[in-house]
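This structure is in structure tokens; I'll ask about it shortly.
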Amino acid sequence: MERRAYYRNPVLPWLLIGPQLILVLVFFYWPTTQALYWAFTLEQPWGGGNSWVWLDNFLAIFRDGEYWLTVARSAFYALCTTGLSMAVALFLACFVDRALKGTKIFQSVYVWPYAIAAPAAGVAFRFIFAPQSGIVGSINQIWPGIWDPATNGVHALIMIIICHAWLGIGYNFIFFLAALQMIPRSITEAGAMDGARPVRRMFDLQLPLIAPTVFFLLIMNLISSFTDSFGLIDTMTEGGPVGSTEVMVYKIYFDGFKGLDYSGAAAQSIVLMLLVIALTFVQFKWVEKRVHYN
Amino acid sequence: QTKFEFWYGLSGDLSERVQDMCRGFNESQSDYEIVCVSQENYDNTLQNTIAAYRANKQPTVTQIFDAGTLDLMLSGAYMPVRQLMEDNGYDIDWDNYLSGIASYFSTSKGEMLSLPFNNSTAVIYYNTDALEKVGFEGTPQTWEEVETVARAMKEAGYECPIAFDPSGAWQWFEQFSAIHNQPIATKGNGYGGLDAEMVVSQGKFVDQLTWIKKMYDEGIIVHKSKDAGETANDAFVNGKCQITSSSIADHGTFGKQAAEGVHWTDAMLPIWEGTERTNSLVGGASLWTLKGKSDEEYKGAAAFFNYLAQPEQAQTWSTITGYVPVTMAGFEAMKANGFYDGAPYKGRELAIESLTFTPPTENSRGIRLGNYASIRAEMVKTMQDVLFNDRPVLEALQAFDAKGNEILRRFEQTYKGAQLP
Amino acid sequence: MIERSPIFNFVTYAAMTLGLLVVLVPFWIVIVAGSQSLQEVSRVPIVLWPSSHLWDNIGTAWARADLGPKMLNSLIVAVGVTTGKIVLASLSAFAIVFFNFKARMVCFWLIFITLMLPLEVRIVPTYAIAANALLPFQVILDTLGITGLVEAISSVRISLEWNLLNSYTGLILPLVATATGTFLYRQFFMTIPDELVEASKMDGASPVRFFFDVLLPLSRTNMLALATIMFVSSWNQYLWPLLITTDRANYGTVVMQLKALIPAQNGTPDWNVTMAGALIIMLPPLLIVAFMQRWFVRGLITKDK
Amino acid sequence: MAAISFSGVKKRYQKNDVIHGVDVEIEPGEFVVILGPSGCGKSTLLRMIAGLEEISGGTISIDGTVVNELEPRERGCAMVFQNYALYPHMSVRQNIGYALKVAGMPKAERDAKVLKVAKSVSLDPYLDRKPGELSGGQRQRVAMARAMVREPKVFLFDEPFSNLDAKLRVAMRAEVRNLHRSLGVTSVFVTHDQTEAMTLADRLIVMNAGIVEQVGKPSEVYHHPASLFVADFIGSPAMNLVRGFFAEDGYFRHGNGGMIRLPGLAPHHLSQEVSVGIRPELVRRVDASDKNAIQATVDYTEELGASRLIYARADGSTIIAVDTRGDALGTGMPVHFAFDEADVHVFSHDTGRRLDAPGRTHRSSATVSA
Amino acid sequence: MAAISFSGVKKRYQKNDVIHGVDVEIEPGEFVVILGPSGCGKSTLLRMIAGLEEISGGTISIDGTVVNELEPRERGCAMVFQNYALYPHMSVRQNIGYALKVAGMPKAERDAKVLKVAKSVSLDPYLDRKPGELSGGQRQRVAMARAMVREPKVFLFDEPFSNLDAKLRVAMRAEVRNLHRSLGVTSVFVTHDQTEAMTLADRLIVMNAGIVEQVGKPSEVYHHPASLFVADFIGSPAMNLVRGFFAEDGYFRHGNGGMIRLPGLAPHHLSQEVSVGIRPELVRRVDASDKNAIQATVDYTEELGASRLIYARADGSTIIAVDTRGDALGTGMPVHFAFDEADVHVFSHDTGRRLDAPGRTHRSSATVSA
């Protein structure tokens, strides 16, 4: 949308936008440039100096089987949390969209998980899923060892995925509900007149019509799976056992700040940033083509 | 009055003891005020020190664990302790330090770079009631005996004969290698240069880990860790587990925390029958003075070091924790006092005995590997991998060596051209 | 809705109730466990009904994790970030939307790109600046030769330094720098009809006057929405405070303290204390979201268009 | 048998009644237009036929079957929505064929049918476009094709032209008329636009506030409004209406004090408050000499091109007249009007219903007699 | 001296010219309406007066001062926007008083002035409401009061009624008219609604595609359109227009093969392609016996209540006529039309301009002669 009414002033806009630009330059562009520099050098942990190594850092991570495992794990993690969270949220939004009496109460509670800090949820879910504690513990009493995220990597991953998905429910729900409510009621009614039953309408009409939202959420969830996962993993498993819950962000943190390999971490960071930019770019391409209601 | 900071990596009870110490120093004089900040654990202390140093906000004194020693040595970020003390007019008898300890923190020429402070070694702890129950007199000295008593305990209904925490790579792996005179890396565990290579998969630790795995599968060794909700130490002091291996530093804590009715004792780490025991590795940490502070602050630091070196202080510190006295004189004095003869301190002398069992060999004098903290973390993963994921031991250790070599090469490249001091 | 059969209605309520359980059970467990004694919480299976020890546990957690000063820190950071974002975002969005200057789109994209990359993703780069936030300017001055020039003239060596480690500035500023707010404001400003701008021009108002008299009052609800979102997200920050504060005692935030509350750090599996601690830590943002629901939902939604 | 029959149909939303009991029969093949002001319940009534709205009371039958409890898909109605409600993500072909697809018709058969219908409304060149790529008129036609393809028993239209511009509306009106003529399917069309209603309807249902005011042919409704509401609502400019009493002297005395001689009507409506009305186009401008002339003062005139509207005041009431005489009139000038008593309508003020003198029917079509 | 004068005013956006050079003088106190189809540049022209749009070429003067370079606030214009553009967060009082506040007028003085203006448009009971709490017509009045309070030299209106419903439009029309009459300020009013334009204007400016097609009184524009565009654009239903040639035999032969006898016009327009037109209301329905009768076949009719439109075909062209006779006509029935030659307009096909026979002026107002 282009505006018609503008102000013209040679100085004022710069004064207005200046502070923000400075912050962005200082905390984003400069550091990113510097990280880029790190990624092409070997930086001494104590900052004593560095040497230019061209693409060695990138080659090192790309040659590292474990790195690819982490990438694959991140992808798996992202897909699972995204899928699970969006499915639950969509399911709820569809029913809430029927707007029966009292729906408002359900609706407002569904938003709550949005407010919870990932580490807080992590701590809570860690208790819920602790093998010896009271909730899952009873199952373990019946079948000993059936659930043990402390030693079983798969269990640990499942535990984090569930927690992450839970955290995302609120956000996804809001967007789905808004998208569903934005569909003109007459389209649903036209579907009903055409003989389609609710489930059929869901798949033939509502889902395709909220496709842009689905896609937007897909991207936002994928991005959030790179970010929120840190707090969860750090409070729940610290990447273990045996690195089975180590995802890309966690590895960056771990290699960089725990392993003191700033250069390797910087290279990983650059890769991750490119990945996220690529995802966002894909979304924008899609949004351009988004469906319009007439 | 000059204020200066001291960061340390102890927490819980030990952290309280450090604070006592700091208070003592502050009360003993009025020129300086030391501010002691706990960074929770050794890893954090190293990381935070580095972060702070890069930001020019470093403390004057920081406590760095054994595994970070080489990192510090090459950092160029420290002021050698010997020089510090000389500059400020303190005369310290550097030769009085236990030789194993001194060599860990000194250059190849013997110059001490950091001040040994809380030093330890690993021992094994037994629940004496459990030993009694299975009819074992004294304490097992070999792994064969350990296996026998542990099996017997299992028979006798103890659910957790041996507590094992994979994050205890130090005691289970490094100390094992040292007392069995096994190299971890070539070039004398790195003392010979930055180009050392890992050799763990070629030594006795392969069998040791195989044994651990076997015991674990039989339920004789039980996994206890923070992740699992209870650490090995906690399980031991609660009486849930009967045998554990840990630092002598915990001797004091165990004494305080042992649940009612839990009786315990310690022993030198067991060795396998048919092997010669070598001295064990010095553990714990030393105090490093960082560059970039004012002369006044250095004066304070020197005064603090001097305070710590006073025989009374050294003795108090050893008493309230389990850390060994770091000077010959201190040890002799305490022995002469009869400190080690009765409860609750009996057993601590074993640490010194272990540390000085033989003159240090190439493999037991210490570890001089770059970014060793990361290598140790890899060992933790490796042990978990074997235990939890049934990864074949040899394969796992070969992978560990490979990974370790990567870290070493990276370190070598990062400090290209640097010489070990 | 068209199909109004009672069965379908029943299915709807059943599904919604199921959803309610999914969302609420974790909260419930936190409250239940947080109110039990050590014995109760260690019981297997656990009794899923609150007990009477909530205050004790909160007290213990409060002391153990030193939550008093940490709460204050969290509050300072959250309020600081929120205010900073709102001020900067509204000003820059105003410039981008209502002024026709050449670099408008360039500025927009410069800011916008940062939106795609949350702090966690660019943690290493951002950390690189923590030591001295003014380094970029120093480098610019150095390369332009200004440093040398000034030194030659006045024999004062310009050395800009601004350390962020262990400071509120360090906790706040990098978070303020993200583009979310600018973007939200831009979206909102775009919906202001041209005629309103023109009417104010006809009425003789200057741009600044327009901003304060018309734009700000109109964006009140948006401001609330944005404030809620920002408050929640900055309160919930974890990784950045973790890195930037080595001095946890003085600059730690509550969320960082969660880890300190997990049992096995201290021996006994006193999950009751942990949960009580988690409860107070998650409460402030939860309350805000619950109360501001109406506005913040609107704010969230406008984010995507 | 009626195609659609309403019997005592009521609708209530929560607390407020919206339809107060409608009884109407719609004959097979008829084109019925429901006309009324905004909010009077037109859409509600239509949507009750379609099954999109529950019926709170009474029954609706289609082809003799009570449909109250049937789902929309079971009623055999097709509907054209105000904003067309096309499926924006489907091509024209898919839009038109969706109902058939849902019904499980094989693809080949379906495509043939869609093509046939599309041709009949000249949409065949656009079958692969999305609705977003069509003009307003074309979209409108897709909506109609979608309704037609199901061969419904009843066509329902809810203000289908309200989003179109004036020119297109006229064109679409013609299309709907042709469509109805060629298919002969019973149709119900809702609008609040008089011109649309008048030009399309076989029969009009005029509604007001949930009540059916009049049912009848358009000309009947125009010339013979059954109630004060209809008289006022239909026709633009609106009918001149004044309230007052007839007196025995043959005069009508209105509220503002003036009087009009209406000797033919007066005797029949004595002693009750009534409103009398006459359409502006039946008010003739006459010379001052005309014996029945009412004198008035010009308030203002509105130029309409072919004619002009005169707003004038006489005895405190405003009179609107359509003037086709060429001579200009300025504000404040005197002007004279006359009309035929036969063109005057009388309504009870109490009931709002039309009052016809016994044995007298209003002439059913107007003649301009200037 | 003209209140507003345009001299060679041009506007170009990036690449495309939107106003191609306008020269018009607006007299003090005049009410001028700019009328034209959507996109023809009406708003652009108005906004150039207001100073909201830069002037790309030519000059605009207000009261003799060239205002090209002045800021909006310096031009002494007030504007009423299409959607009113009220400040939604301010009360009516604040809305009206905002310009005064910006100008720095003390509160007491300001309040008095606002009250006075508000009273004059009957807004005083609503002074403390927000625009959201007002009806459409009230908002409209706030917009006007806001413009009035500044006592501008010129009032500008940009389609101020386009968001109102039909009844309200008529009422607001009257208000604007009264306002203008009582204030006597020069006003420029933009609309694309003919009725609005015709009924409001002292003078009309008809625009098309950035060009002024005609400037004149409403009746002049209606009865004497200066171009084919104006002829076609003004009037509803539109003028009947056919293209063809006049022949020496006194006949007009149109493109579809038919011919019409126009002996009076033919000699003047020989050998050039022209369009001839006649307004539907000047086409009389006559009996078959009428000597000038043109025979046609009814296509369909549209009932308008007072009258009906007949759409018929004769010789391949469509003729629209307004019929007020009472007898019904069905599709396909024959019908006969006649008209006066004097009512016929002739336009050059090349230039689109009106062609008048030398010495002949079109009679300036129509008389229905049925």
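Letters A, B, C, D and E mark the chains as written, and numbering starts fresh at 1 in each.
Rule of thumb we're sticking to: a contact is a pair of C-beta atoms (placed from the backbone, for glycine too) under 8 Å apart; a residue touches a chain by one contact, two chains touch by 3 or more.
Predicted, not measured: the structure shown is a model, and the values here were computed from it.
Relative to chain D, the most remote chain by averaged C-alpha coordinates is B.
If you tally contacting C-beta pairs for each pair of chains, A-C comes out on top. Separation between the centroids of chain A and chain B, computed from CA atoms only, is 40 Å.
The centroid of the Cα atoms in chain A and the matching centroid in chain E are 58 Å apart. One finds 16 Å separating the Cα centroids of chain A and chain C. In chain B, the positions touching at least two other chains are 51, 54, 225, 227-230. The residues of chain D that reach two or more other chains are 51-52, 71-72, listed in rising order. In chain C, the positions touching at least two other chains are 2-3, 195, 198, 201, 243, 269. On chain D, the positions that touch chain E within their shared complex are 38, 174, 177, 194-195, 198-199, 218-219, 222, 234-235, 279, 281, 300, 302-307, 322, 324-326, 365-368, 370. Considering their complex, residues 130-132, 161, 163-166, 243, 246-249, 263-269 of chain C touch chain B. Of all the residues in chain B, the ones that touch chain C in their complex are 12, 37, 39-40, 48, 51-52, 54-57, 225-231, 234, 237, 257.
Those residues of chain D lying in contact with chain A across their complex are 50-52, 71-73, 77-79, 81-89, 98-99, 102-103, 131-132, 139, 146, 150. Residues 1-3, 8-9, 12-13, 15-17, 19-20, 22-24, 26-27, 29-30, 33, 41-47, 88-89, 91-92, 94-101, 104, 107, 110-111, 113-114, 116-129, 133, 135-136, 173-174, 176-177, 179, 182, 190, 194-195, 197-198, 201, 207-208, 232, 235-236, 238-239, 242-243, 255, 258-259, 261-262, 269, 271, 274-275, 278, 281-282, 285-286, 288-290, 293, 297, 300-301, 304 of chain C are the ones that touch chain A when the two sit in their complex.
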